[in-house]
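These notes open a run of structures that come right after.
First chain A sits with chain B, and in the next complex the same chain sits with chain C.
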Partner chain A sequence: MLTRRDTMALGLGVATVTMIPGIASASAVDDAISAFTGGAAVSDGGVTINAPEIAENGNTVPIEVEAEGAQSILMLAAGNPVPGVATFNFGEGAGTSRAATRIRLGGTQDVIAIAKMADGSYARGAVEVKVTIGGCGG
Partner chain B sequence: MSDVRPRIRLPRSANAGDVVEVKTLISHNMETGLRRDGSGNEIPRQIINRFTCEYGGKMVVDMEMHPAISANPYVEFDVKVEDSGEFVFTWYDDDGSVYSETQAFEVG
Partner chain C sequence: MISRREFLQASIAASALYGISGFGNWSKLAAQQALTQDDLLRFDTFGNVSLIHITDIHAQMKPIWFREPEWNIGVGGVAGKPPHVVGKDFIEMFDLTPGSADAYALTYVDFEALGRTYGRMGGMDRVATVVNAIRADRPDAILLDGGDTWHGSMTSYLTEGQDVINVMNKLGVDAMTSHWEWTFGQDRVRDVVADLPFPFLGQNIFDNEWNEPSEEFEPYTWFERGGVKIAVIGQAFPYMPIANPGWKFPDFSFGIRESRMQEMVNEVRGQGADLVVVLSHNGFDVDRQMASRVEGIDVVLTGHTHDALPEPVIVGETLLIASGSHGKFVTRLDLDVRDGRMMGFRHKLIPIFADVITPDAEMASLIEQERAPFKDQLEEVIGHTDELLYRRGNFNGTWDDLICEAMIEERDAEIAMSPGVRWGASLLPGDPITREDIHNVTTMTYGECYRTEMTGEFLKVVLEDVADNIFNPDPYFQQGGDMVRIGGLGYHVDVSAPVNERISNMTLLSTSEPIDPARNYVVAGWASVNPETEGPKIWDVVENHIRKIGRVSLEPNTSVQVSGL
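Let's turn to the complex of A and B:
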C-alpha cells in the first residue's frame, strides 16, 4: 500500500525525470562549439569570464567576457535547455574585445566562452555559476 | 511589440583616441518560446535576435542573441573614438521589426 510519503516521493521522481529534457546535452554544447570553430582545436586560457559565484535570480545574471585580441566570442550556458546565449563579433570600431550582458540560467551550471583570435586560433574559458532560483520560465 | 524603448548611456566627453564604454538597454520581453500559458499552450518565441552598434560608419559590435539573453537586453562594450561622429544602434526583432537609435558624440 502506498503511504502519503511514498506518493510524494513518487511525485518527486516523476518531476526529476521530466526535468531531464530541459538540460542541454553535452553533445549540444560540443555541436555549438564546433559550429563556431569549424572543428579547429581550442586551447584553454586567454578568455576571462566575470560572473557572480552565486546568482540568486537565474532570470538575470550579469556576465562579462573578455579575450584580448579576439575577433569574436561565443557564449554558451552548458546547463540550459538550449546552450546558445550570444555571439559577439567585434568590428574595426571596437575599443576592446570585451562585452557584458545579462543572461538567463536555468540552474547551477558552467558558462563557457570560446574566443576566435585574430590569427585564426581559438581559446576557451569557463566558469561555474551557482543559481538559487532558475530562470527558464517553467 | 509596441512598448520597445531603447536607452543608451555614453560618457559626457572623450578625447580623440580614447576608448569609451557604451551601455545599452532596450525594453523587450525576450519571450523564450519554452514557456506555456495557463492553459498549457506554448507561448511562441519572440526575442531580439541581433544587436549592432556602429560609430562613424565603422562596425563596433555585431551581437547574435539567443533566448538565454534576459528580458530587457542589456549590452555593454567599448568603442575607440578617433573623431566626433554618430552612433547608430540597431536591434532586430524576431517579428521583423527593427528598432534604431542614433546619437551624435563629440570628441574634445
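Let's turn to the complex of A and C:
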C-alpha cells in the first residue's frame, strides 16, 4: 500500500515527469509505444498497475504504476482521444520505480504502462478500467 | 446412490475439512402442523467457535412476505451455479421437497399458496429469539451484520436509521459492514459510528482525497474465543459512489481493493489469527472470485445480492455463506478451529417463520416503541392489491410494473424507469396496501421522481450500461443489482453478448413503433445519483396513483425478451 508518506518520498525520487503532447492518429497508442521503445520488443509482465475495476469518477481516476528496476515508465490511456498520459523517469535517488497519479478516462478502456528497464529491455502491463454512467445497487 | 449433500461432505473430507449442513428435514412435520421452534433451532453444538450471520435486513423490523427470484441469471463461469439456480432447479439441487416449508422459504414456486400455509417470515423480535437461543447454547457466539441494515423502511427514513440502530444494538451485534447506510450521508454515518458499541468495518473504505485507507474506520477487528484468535475483516460495498449518490459521501472512496484484502489477511495471520473471517458486502459472485484469488480466508460471510443458500459454497478451503435478506434467515456456523486452522464446520441456515418462532418480548416492545410516533402514518391503508406484488428478479417484478405505471400516469410520461434494487417486501393478492408497504419498495434519501427528455439513443446507452453491470462475465465488473425496470418500452436482451451489443428491438409500447435513436422521449424515473434532481417523492407518486385506482390489477408483463441463456 502506498501511504501518504511514501508518496511524498516518491516525489523526491522522481527526477522528471514529462507530459506527452497529443497524438491523434488511429494508431496513436502503437505510435506512442514505438516512440518510447524505439521499436524494440516489449515483453508482458513485470509491470503492476493498480487501478479501480470500475472508476468512481471517470474525470479523476487514481492509477498507480510500479515496475521494479525501471528507469522510466510510459503511461497510456488507450481509449482516450489523446492516449498519452505521462512518462515517469526515475533517477538514481529513487527508492522504488513507482508512481501514482490521477487521470481522466473518456470511457471504458485499457490503461497501459510500458517500463524501460536498466538493461534496456521493455516490459508491458495493462488493466481495463470501466467507466459507467452508474447503476442501481442492491 | 450418493446424494448431493453426502457428496459435499465427502469432498470436504478429501480436503482435510469435514462438515455438514443441516437445513433440516422438517417439512414433513410442517405438513402435520407440527413445525416447531425447537425444530428450527435444533443444532448439535460443534467445535469451539460459533458465528451468527445476518445481512441485508433493509430495516425490516416486522415480519413480511418475501418472494425469492424467478430470474437470477449467471453468466460466464458461474452460469448454472448457486446462487444462479432458482425455482424447481433449486429444489432439485438442494434436495428439497416441493411444497415444503423450506421450498417456500427458498424459492418462488407456488409462492402465494405456500405463503398462506406457512405465513410471513422475519421480524427482528423473532430474530432476537433465535440469536438468544444460540447464545444459550454458546454464550460467546459472535454476531456479525453484513450491512444494508439501517435503510429500507418508512421508519428508518423518518429516523435516519435510528430505529434500526436501536434494535441492532439491543440484539448485540459484534461487528458490521455497510452499503445503504452511506445514503444517509457521511455526517450521519460518522455521528452514528462514533456511538456504535461495535466496529463498523471496511478494509476498502478509503480517504478519497489521499487515496489511502481511511483512518476513521477499522479494516478488521479481533475476537478471542476458547483460546482461538479470530480476525474479522470488513468489506464494504465496493461500488457505493457509482450505484448510489457519491455526493452524499464525498470524502470516501471504496472499490474491491483485492490486493489490500490480501495484505490484511497476511497482516492478521502474521499477528497470530487462527481463523480469518471476511464480513463482506461484495455480492456473491465477487466474493466467490475474491475467495479464489486471495489466499488465507477461512470464511466469507457474503451479502448484497440477497442470496439464501442452505449449504456453504466451498472455494478451495474457503466457505462462502449466503444468509438471505430482509430478516428471513439467520445463519449459524459452528467451527472447529485447532492448531491455527479451520478443521471442520457445522452449518444451518435458520428460516425465520414468523408464526412458528415466538417473538422475544423485550425486542417486540422496543420495535413497537420505535413505531409508535409514526403508527398512524405507517398503517394507513391506501388501496388493495388483487395481484401478487413482488420485486426481486433480474427483470421487472409486479411492484416495479405498478411503480412504472404510476410514474407514466402521474408524471404524464411515455417511458418510466425504476431502479433495479433488490430490496422490497412482497404482498399477497387481497392484501391491503399501506403507506409503509409503499415505502418498503421506494424509500430512499434521493427519491425524487424526475421528468425529463431522453433521446432513443441515450435510452439504449442506459440499458446497455446497466446490463453490463449485471451480465459482464467478470464478476469484478458487476455491481450486484438487477436490470433497470422499464415501463412503456419493450426490448430484447442477449445476456451473453458483449458490452453495447446486448440490447435490441427497443419498442415504444404505446405505439408499437421502434424506438427512434434521434427522437426525444418523455421519461419519468427516480433514484437518480445526480445531485439537484427535482420532482415529487416517488412514494407520493405511487400513493396518489394507488388512491385513484383503489385496487391494483396488472396485465402480465411480456415487454422484455431474454436470450443468450
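Assorted remarks:
Definition applied: the second predicted complex is superposed on the first by the 106 of 138 C-alpha atoms of A that agree within 3 Å, B and C clash if a C-alpha of one lies under 4 Å from a C-alpha of the other, contacts with A are read in each partner's own complex, and residues count from 1 in each chain.
Operating definition for what follows: contacts are C-beta pairs under 8 Å (C-beta built on N, C-alpha and C of every residue); 3 or more make two chains touch, one makes a residue touch a chain.
Keep in mind it's a predicted model, so treat the numbers as computed, not measured.
Looking at the shared chain after the overlay, A:Ala41 reaches neither chain B nor chain C. Contacts of A:Lys130 after superposition on the shared chain: chain C is touched, whereas chain B is not. In the superposition on chain A, the chain among chain B and chain C reaching more residues of chain A is B. Of the two partner chains, chain C is the only one touched by A:Glu53; chain B is not.
Using the contact criterion defined above for the overlaid structures, shared-chain residue A:Ala100 touches chain B and also reaches chain C.
Within the superposed three-chain model, A:Thr108 lies in touch with chain C and out of touch with chain B [touch as defined at top]. Under the contact criterion defined above, the residues of chain A that touch both chain B in one complex and chain C in the other are 100, 135-138.
For chain C in complex with chain A, the touching residues are 56, 148, 179-180, 210-213, 237-244, 246, 253-256, 259-260, 263, 283, 304-306, 419-423, 461-462, 465-466, 468-470, 472, 476-477, 479-482, 484, 499, 527, 529. Of all the residues in chain A, the ones that touch chain C in their complex are 1-4, 50, 52-54, 56-57, 62, 100, 108, 130, 132-138. Across the interface of their complex, chain B is touched by residues 59-61, 64, 77, 80-82, 84-96, 98-105, 135-138 of chain A.
Chain B contributes residues 19-20, 32, 34-35, 53-56, 58-71, 73-81 to its touches with chain A in the complex.
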